[in-house]
Amino acid sequence: MNELIRTENLTKEFETRKGFTGITKIKALDNVNISLYPNEIVGIVGASGSGKSTLAKILVFLYKSTSGKIYFKDEDITKIHGKSLKKYRKEIQMVFQDPYASLDPYHSIEWHIKRPLLISHYSGNIDDRIDELMNMVKLTPPESYKNKFPHQVSGGQRQRVYIARVLALNPQILIADEPVSMLDVSLRIDVLDLLLKIKNELGIGIIYITHDLNTVSMVTDRIYVLHNGEVVEDGHTNTILTSPQDGYTKALIEAASDPYKRI
Amino acid sequence: MDSSAIEIKNLNVGYNTETDFSLIIKNFNLSIKKGEIFGIAGESGSGKSTLAQAIYRSVKYPGEIESGEVIFKDKDIMKMEANDLRKIRATLFSFIPQAAMNALNPVRKIRYQFYDLLIAHGILPEKNNDKISAVLKMVRLNESVLDNYPHELSGGMRQRTVIAMSILLNPEVVILDEPTTGLDVLVEHEILKDLKNIQRKYGITMIFITHDLAILYEISDRIAMIYAGEIVEFGARDDMLENSTHPYNFLLLKNIPRIGVKMDNIIKLKGNPSNFKENFPGCQFYERCPFSKGECSEKHPDLREYSNEHYYRCIRFPEWKQNV
Amino acid sequence: MEEKSNLNEKNIYNKSTKSKVRTSVIKSTLGTLLKNNKSKTGFIMLLSIITFSIIGIFYSPYNPNAYLFKIAQPPNSVNLLGTTGYGQDVFSELLRGAAPTLMIAFTVGLLGTLIAVLVGIFAGFTSKTTNAVINIFINIFLVIPGVLLIMLFGTYFMGIRQNLGYLPTIIILVITGWAFGARTFRSITLSIVKRDFVLSSILIGESKISIIVRQIMRAIMPIIVSNFFFTSMYGAMGLTFIEYLGVGNIQQVNWGTMLYWAINYEAYLTGTWWWILPPSIMISLLMFSLILLNFGLDEMANPSLRVFKKKKRDKNE
């Protein structure tokens, strides 16, 4: 099967000004090659400053890459804009880290799911589709949630609302940027389970970005370990977690929290 | 009770709202031993931050301490004069509130923030530069940070600075509220190791409060699990880990994502952590508990002793363990 | 067939709940506004002043422009608030002059806020360069002293025509009064645009207009209303100022011209306090009511400012 998305030597430099004339360039991403197939979850693992969030923002075209290419289903989309960008954005959606910030506090839950359906000119019955989406993310029964506002539901439920919102567009790719790190322990498993369900039932490819190897080990098929903007190790999750090669990966595994360990 | 560093007796803390006064911490009793790391675990809304503030008597309006005692060095902190309280704060007893690393004064160099702390306690700062470098060494910071402004430091470095400040005046007790939340895994791990080293070396009593159960079990000697403002289980770390007596602790431990655990082997915990009913006669965990029976909703469970210093608040124990 | 009717029922149900939600939002906003003691006082004061002005449109004891009485009479049973230095009834002037004063204050508030919102939000939500250009434009209007503009435009309008009514005054005040609000809205929009919920809408494919109208305007509504009150205050004050400087139309009756004539007559030296005080107090009351409403809004937008009375818990529970 062909890749859904593939990057080729993707590089991103940020310029920071120092004084009036000095410009320092910081490489946030350095020749990154990753790929994602349908029906799989790929993990991008790295500590803060590794460039993992920059990568996510480039893939949804919130940032522009400095050099390198992005292929969507073998089609070069590095330089798209305007209408074709709009079309592409429907295919790739992003779940943000903080469900308290990603939902508009002034709009109801129903509104959040209805808007993408209206924008994409959904042809069927919109109310039925909203119910279907809410059932899929286990916000049941839908009637009891529709008229609520984001502050009236818990963090885990907000993240589900957000996932229903992006699924309304029928995307082929989902980028999840630390989707559970702001949630309570007892709610994390549920959201991770939902990601697995989305992958299995809808065949969506998911890029799961995190610094936490614990959650990565439970949902991903393959991982890329990112360090200072470079991919230092990649391969099957189990292989890397049981026999890491790179020193950085080893440090991350050692630092992963575990109640049965002792500091 | 010579061995206890802090004793909390019948503490009641609540919040004023538009319509009434709602209780967050209910009849809280706890005794923390000298020289231990005491972990307090709770999810959002459980009242763990309110508890931390109440122990330090720094609950701000609309929160209010209704009644109770916090005995520290044979004195009740709740009844102390403001001036006496100020004297023991930071010198004998210090508190690192949540997100303290973002509360450093942004327009003052770190050095002068250390000096301010010394001056506030009537100590001449110039003669204590050695002391400052000593605490910086403890948290493994370079002395050059003294000449930096807070925004020039990374999150981890700022958190280390805050920890250094809190131990500058040799306190006997330090309360840490979510000290590593928001930090990177690698930094978090390093800071936890340093905290443990400092604690062991100087025999400081640490009260460590967090929602992150995994790191709490990694670092604590004893742990209290709170749910809806009450202790539901409390005991030595190993006992809590191996012999859970309350379903909440048991299920949370099962729900922690870990390397090597498969999704299928998890018993999921349903419901919402902060969905408490006020004046509910029974067990607050009743609705989320997969082992609950009708009687759980009628009678409020008391704290019972399971074995040596291992307490639980569940009327279904030990029956529920057979249903796992 | 049955299924369809069911579906219709469901739709009706949805619609009715939705409109319920909407009216309840308005109700609860007004409710919180009235629950707050400061804004309640301000609201009642403003309502009384508006009632006063409405009465003034239809009725006044005497013709406020006619010189019917002895000059400079102190308050008595015929002239409730005495007479002016020219023999007009002060109370009639006060009553008749209320409506134009309020009209100008609120028109300036409305137009000034409208321009501020449009310019500010557009600047905050456009490219970096356009933003910078608009920012310079706003700053120019901010640094030019308002008095200078008022004098300049005022004399210009005086020069061209006499019969434009209050239009020149309103134009001058709007021109000098919009920039401050625009700057506020620009900086707020800049911060909101970076929030995740706006990024999310961009990714979902919402158009800019939709984001501005549905999300940004909604989020800054309390600030828009507060800005409206402030600009209205500026309008009321600016009116008196313009009239005081004599660059407005001094033939019209409003609280500003009342002051102009009083000061022209040197009422403060001749001791005719009943001429100066009534318009001054009315203007102050108007300002005060708007400020109180603003305080209330602040507490609505920022719940941490609210203070509750302590309620004791029943311990035997």
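Per-chain residue numbering starts at 1, and chain names A, B and C are given in the order in which the chains are listed.
Here, a residue touches a chain if its C-beta (ideal position, glycine included) is under 8 Å from a C-beta of that chain, and two chains touch if they have at least 3 such contacts.
Computed from a prediction, not measured in an experiment: that's the story for all the values here.
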Length of the shortest touching-chain route, chain A through to chain B: 1
Relative to chain A, chain with the most remote C-alpha centre: C
Gap in Å, rounded to a whole number, between the CA centres of chain B and chain A: 32
Length of the line joining the C-alpha centres of chain A and chain C, rounded to whole Å: 46
Residues on chain A engaged by chain B in the complex (per definition of touch): 47-48, 154-157, 180, 184-190, 192-193, 196, 211-215, 217-219, 241, 251-263
Partner chain A, residues of chain B touching it in the complex: 43-44, 155, 184-189, 192-193, 196, 211-219, 241, 251-253, 255-263, 266, 268-269, 271-275
Chain C-touching residues of chain A, taken from the complex the two chains share: 60, 62, 86, 89-90, 93-94, 96, 98, 101-108, 115-116, 119-120, 125, 127, 147, 162, 165-166, 169
Residue ranges of chain C touching chain A (in the complex, touch as defined): 7, 10-11, 14, 17-18, 21, 195-197, 199-206, 214-215, 218-219
